[in-house]
Amino acid sequence: MAECHPVGFQWVMEAKERGATIIHVDPRFTRTSALADIFVPIRPGSDIAFLGGIVNHILENERYFRDYVVEYTNAATIIKADFRDTEDLDGVFSGFDAKKAAYDVRSWLYDGMEAPPGVPHGEQTGGAGRPIEHGEPPQDRSLQHPRCVFQLLKKHYRRYTPELVEETCGIPRQLFLRVAEALCANSGRERTSAFCYAVGWTQHTVGVQYIRTAAIVQQLLGNIGRPGGGILALRGHASIQGSTDIPTLYNLLPGYLPMPHSERYLGHQDYVRKNSAPTGFWGHMEEYFISLMKAWWGEHATADNDWAFGHLPRIDGDHSAYVFTMGMLEGGVRGYFLPGENPAVGSANGKLNRMAMARLDWLVVRDLVEIESAAFWYRSSEIETGELRTDDIPTEVFFLPAASHTEKDGSFTNTQRLLQWHHTAVQPRGDCRSDLWFYFHLGRIIRMKLRDRAPDDPKNRPVLELTWDYPVEGRRAEPSADAVLREISGWGPDGKQLSSFTELKADGSTACGCWIYSGCYRDGVNQTARRTPHREQSYVGAEWGWAWPDNRRILYNRASADPRGEPWSERKRYVWWDRARRQWTGIDTPDFKRTMPPDHEPGKQAAAEEALRGTEPFIMQADGKAWLYVPEGLRDGPFPTHYEPQESVFRNPLYRQQSNPVRQQFRHPLNAYNNAPDAFDDDGLFPYLLTTYRLTEHHTAGGMSRSVEYLAELQPELFCEVSPQLAAERALEHGGWATIITTRTAIEARVLVTERIPSVRVQGREVHTVGVPYHWGVCGLSTGDAGNDLLPLALDPNVHIQECKAATCDIRPGRRPRGAALLELVAGYRQRAAARPPGRAGRSSGRRSER
Amino acid sequence: MGLGGMLARWPLVRQLTRGDLLGRGDSVRSPATERLRPRTATADRVVGSICPYCAVGCGQRVFVKDERIVQIEGDPDSPISRGRLCPKGAATKNLVTAPRREYRVKYRRPFGTEWEELSLDAAMDMIAERVITTRDATWQSTEGDGDEERPRNRTLGIASLGGATLDNEENYLIKKLMTALGVVQVENQARI
Amino acid sequence: MTEARSYYGRPLLKGPVWEPDIAAYLFTGGLAGASATLAAAARRRGNDVLARRALMVALAGLIVSPPLLIRDLGRPARFHHMLRVLKVTSPMSVGTWVLSASGLATGVATGCEVLGVMPRLRTATETAAGALGPALATYTAVLIADTAVPAWHEARFELPFVFAASSAASAGAAAALVTPAASARPARRLCAMGALVELAATGVMERRLGEAGQPYSTGGNAVSRRLARGLTAAGALAMTLTGRRRPAAILGGLSVLAGAACLRWTVFAAGAHSVRDPAYAVGPQRARIERGESRGG
Amino acid sequence: MTAISGDPTIISHDIDVASHHPDGSPRAMGFFTDTSICIGCKACEVACKEWNLVPDDGLSFTGDSYDNTGSIGCNSWRHVAFIEQGRPVAVSDPEAGDGLRWLMSSDVCKHCAHAACLDVCPTGALFRTEFDTVVVQQDICNGCGYCVSACPFGVLDKRREDGRVWKCTLCYDRLRGDLEPACAQACPTKSIQFGPVDELLALARERVDTLHQRGVGDARLYGADRDNGVGGFGAFFLLLDQPEVYGLPPDPVVSTRRLGQMWGAAAAAAGALALGVAAAFLGERR
């Protein structure tokens, strides 16, 4: 956190000064570790074993916050009798279909429930998770029933002992116990602990389950919905949260509404029914959806035409970034927009990305500087090796200079869901334009052309009927970001800005571009531009910017009070039930129906939030509970389970199943893996662990830092970090050069020999890690090989994020070969890798995406 | 100014007249030093902004003089950052005023070996044409036959991968336009 | 130097940024200063021949010195900023005024001498220049000693004597070089005395400095130091024994002058050398702390 | 108003950073750099450059941990040192075992109470400001370079292409407008604290005590002593090891403190020279 979010880290330091224990778990000793109380070195890719060990520690030692667990989580809920755990099936859950490498999740459901109608499409899942059919699942509040979640959880993690943690993660058991105890001691009524994570947790073939394990820990300890608690994603880009809320993601519509699948729906209601839950706040999905359709198609979205539901394109599979990149390689994808993204450096397997772009018909790159993704056709390692020849590349490339954030109005959503407005300071120079300008005018020109050429073509109707009339201002005809934000926030029948999503209607009288952002233009005021100084308000800072939903700063904050509505403790007072005024109150906006008393019991006909009890704080969940166990909505299991990474040097110590059985793999010559699927590297071909990361001094793919003098000079060259032991083993010289090799490619980096990258003892042997920052590429002031070029595409099955925090590699002293000799070096390794007997470990599995 | 005046301004003389015999203080100050003020004090306006790097969302103040940015620094009012910035945030002025920034459209024709110049208008028109052509060529209106026929309304011929430093309003227009065009392969950094 | 803890062995000090011009000035300034004094003394003793020659040498030294100094400035056009102030805490400031006054006095004196006019003005200015001479010859030692450069600062007691003696030797040598032998006896004596004292003072300095004095005799300095000593000793010896013969006086004079130049170079280079290794700065300081002599952290 | 609860801490300690008293008179201002909370982010280096328009220092990889700046210089007025050591921060913690520590420290001009650079500057380009800081006037400096040799910390440095000497001004222009220096304002953890020197000193002493109580026995102040060799620093430090480990002189002494000695020696030498010249004429006929 000190490395990548230094300013956020000030609050960690504040906490430390007040006595908090700061624990840093990382494969390397970073600037965060330097300031932490406890540094826990961990083998990359083994975090579920570590966190699972904590779960086990909490359960075995009865350290959980019982009242919280019983009341606010699904611990008491009883699961179907035919559910089988990984403990029963040696690493897979019930319902596994080895052929399809997929689960039939029906046995995972709550007892007495059936799978909802329609085919569950994982890629379609919005924020709602999958619905739980209405009705009360059986519970055992004594937590003794053998099929209750609590008992299943206990059983699932029983083998995650301190010894196993040591064997798997390389964390000495004393150190592990110290961490587990510190967490337990600092949780409960009076105290809370928080988890902060970043892509070190998400970029794995089990990334979602990493976070899930932390969620289980936090639920057991009662650390969710309370001040000082939570699981905080430290996101890496100014508005990466915003870009999932208002998603430029294939499977989502704004506000985590799912993108409709190509299955046959009986109109929009059917889509809503199949994709939402009738209980909890997702019970209002129809209001959110119709308001979105009204925002997009205005008068053309009516009850008569099913609110223009037919205008929406349909997805029918995985259309995520790496999948469509494969599509480029295979020729189906012909045109590509890259507004502010640099996959040639920033995506895993850079070579594959660049080779893919070299097959496009056209490419539009919008950025501040000429980035590697715009220059690949004349400057790239493939040009150097001869794999690509400029003359042979058909891609037409448009590079359009972008306006910077100081040259346009707009809002960013930060990592804590806070929308903050930035104002235009100066006008952009030359051809620089905002992306707002680009897309508005692109849309305007396309609409003009389509209107002229084929106004009656049914496929053009959604475009021509789109509301696309934003006011423009100035010489450059810049569209008004303010007007766009008003549309996002939404208006009612009288044209007045909405105050909250609770005002949305399903009758077409309200329009709202993103329901969770509704109210950000409340009272006709741009709430995101509010800047009340922090000294003039409470520490919650509610008058600075605007947080979704409804300006809440802590989600599910009803859980900060006990079931009766009293704060769990005075120290941790946040939101509570005011008996006198009969409403929820506190120092934040209560995340609960304001007037619903703690003793509310839903009636038989109750729907949406009314169908939840007054003691159920997790109002977006169909059962109002936090989920220790996820009955529906995940592709790879209701409980997190330790699996080895796609590329590993160890056998899975827990199960015969080596890796996540439903992870996504890609079979392509450019995407060879270091070991066969579900095998592991024990013959020393790729004997070292490889992990990638960022440095404080640089930003992601480097477009915004390697081109800036003051940053480039601070970390002027790509380096790799190795332990003194590894340096000795491979004769690597501090300050010299090393070549790092995988079956994808080899890169060169300067060598930093440092104790900060510890070698860890796992399964009785010492294993070394090679650490590589991934910021470099061939453009900019400071140039170097790209760390991501080393990595394969192997994805988490739920969110399709690549595994780049844990892979394997070989390392040699000296610079890498140039030109064709580089290809020969890598080919040699690839041949040796392919010649090995397959499937040395466990059973073969994994979904292979071949398009 | 007379000779006396000139003499009086001579620091050597001021050393005596001001009692700064060692000549280390007031007497040696130059007129430029006397006039010194922070350049933020003379800015024409101060614009509230947010750091464009990571997702912490630190507040920034942008100082503008003669329509040029003369300074960007942390906003002390922000409850998130309290005026502080990391090295990247602190380099923001350098980022937005960097000489390495591109200010003109660059065009590479198919099989071309060099960048060419292209007007912004022409580029916009060409890109619109490419979108229309590719969309027409790769349009999928339905899948399946007969009773199994289901709508698709889309093209898989176009993809988009956006950065995550775009504004919400920009993402909104991207999603809205692309969805209306039937482009479903719209992704961003959050997937990476 | 003994092992001292350091930051990756990086220099702790920036050290002198002066070009060899300054080493040359250390020589020319000293020569000019001592020569002016020699001239004034000769005049007093009625040795007009020697006075006139020494005065010329002084003027020559004073003519070449300012360009050497100005050339070394980062902003030569601003050389006159030196005259904004007079700072007694700054040997360079004091020296600038001394140099200016010496230059003015010597210039006027020489003018009068050459044109044969205004003898009283000549005498007055010559006397003034003569009086400033020792200051001119020694302030440069304070100038370099009043720095954080270990080799210079640690040698602060001896350096003025080394410079004074060397200046005397070179003034005597230069005068003997250009003066008919018959009138040059005081110059030869001065040369010999200067040389003797210089060698002695240098020896004392190096012995007292011990390890801290290593920069004076290590690396490239080993050669220049040996040259300085050899040339000075040989020249002075030649001057003393056979100086009445012109060729010997010329050879001896040149040798002493070369020796003096080498000495200045050695001193100059020792400064730069001593900042390159942080141990020279840290060692004595750490020792001071351990001896309890530090005045506080 | 709900304040942040808990005891006030060094990082949330709100020091009045206005450089003038309410009556408009200037105050002695300085930095207290508490390296025990430095995260080595180098924001100070960059913020300084942005404000003071300092040129970049070139792309050179040093291999010295994460320090590619190397030292303070004309083009780096702040320099963050990185020192990797094989021992834990707090020795009192028996469980810390054979930990590592990674010391980070942002170095800067010390703004000595008795500043050698200021003493030796022959043009008056260097001067002591109304805030008791030491600043180079760039319209005066002629690049004589004397201060470079005089500084016992290696702070002053001549910019070759420019000819003048540059160093930290403690953002003199900002102080004149009652603004905090750029580095201190940016510092994410307030490792760099700016304020009136006397208040900072009290804070620093308190902080050392706190750290000692927490078992960080290595914590020590550097430059806080008002009668040290340079009369105390206007910018002083809390270090976790000996100063020389950070590239700082352990017992710096301003050379001009001994100027008397030196002028004395010079006077003696000059006298000897005069005598020597006189002696050369001994026995000469008039």
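For reference, chains read A, B, C and D in written order, and residue numbers begin at 1 within each chain.
Note that in this section contacts are C-beta pairs under 8 Å (C-beta built on N, C-alpha and C of every residue); 3 or more make two chains touch, one makes a residue touch a chain.
Computed from a predicted structure; not experimentally measured.
Chemist: With centres defined from CA atoms, tell me which chain sits nearest the overall protein centre.
Modeler: B
Chemist: Write down the chain pair with more C-beta contact pairs when B-C is set against B-D.
Modeler: Per the contact counts, B-D leads.
Chemist: Whole-Å distance, subunit B centre to subunit C centre, using C-alpha means?
Modeler: 58
Chemist: So, what's the distance in Å between the C-alpha centres of subunit D and subunit B?
Modeler: It comes to 34 Å between the two C-alpha centres.
Chemist: CA centre of subunit A versus CA centre of subunit D: separation in Å?
Modeler: 44
Chemist: Once you find the CA centre of subunit A and the CA centre of subunit C, what distance in Å lies between them?
Modeler: Inter-chain centre distance comes to 73 Å.
Chemist: Give the residues of subunit C touching no fewer than two other chains, as numbers and ranges.
Modeler: Expected reply: 84-85, 87, 89, 93.
Chemist: I need the residues of subunit A touching at least two other chains; which ones are they?
Modeler: Counting only residues that touch two or more other chains, subunit A contributes 6-7, 10, 537, 539, 696-697, 709-711, 714, 781.
Chemist: Name the residues of subunit D that each touch 2 or more other chains.
Modeler: 41-43, 45-46, 49-50, 119, 124-125, 140, 188, 190
Chemist: Tell me, which pairs of chains are in touch?
Modeler: Listed in label order, the chain pairs in contact are A-B, A-D, B-C, B-D, C-D.
Chemist: Name, in rising order, each residue of subunit B that touches subunit A in their complex.
Modeler: Those in contact with subunit A are residues 45, 47-60, 62, 64, 67-69, 72, 75-82, 84-92, 94-96, 98, 100-111, 113-115, 118, 120, 123-132, 134-135, 137-139, 141, 143, 150-154, 156-192.
Chemist: List the residues on subunit D that touch subunit A in their complex, please.
Modeler: The touching residues are 1-4, 6-7, 9-12, 37, 39-43, 45-46, 49-50, 56-61, 63, 65-66, 68-69, 84, 86, 95, 99-104, 188-190.
Chemist: How about subunit C: which of its residues touch subunit B in the complex?
Modeler: 83-89, 93
Chemist: Within the complex, which stretch of subunit B touches subunit C?
Modeler: Contacts found on subunit B: 10-12, 15, 22-24, 27-28.
Chemist: Any idea which subunit B residues touch subunit D in the complex?
Modeler: So the residues of subunit B touching subunit D come out as 11, 23-30, 32-33, 36-41, 71-74, 76, 83-91, 93-94.
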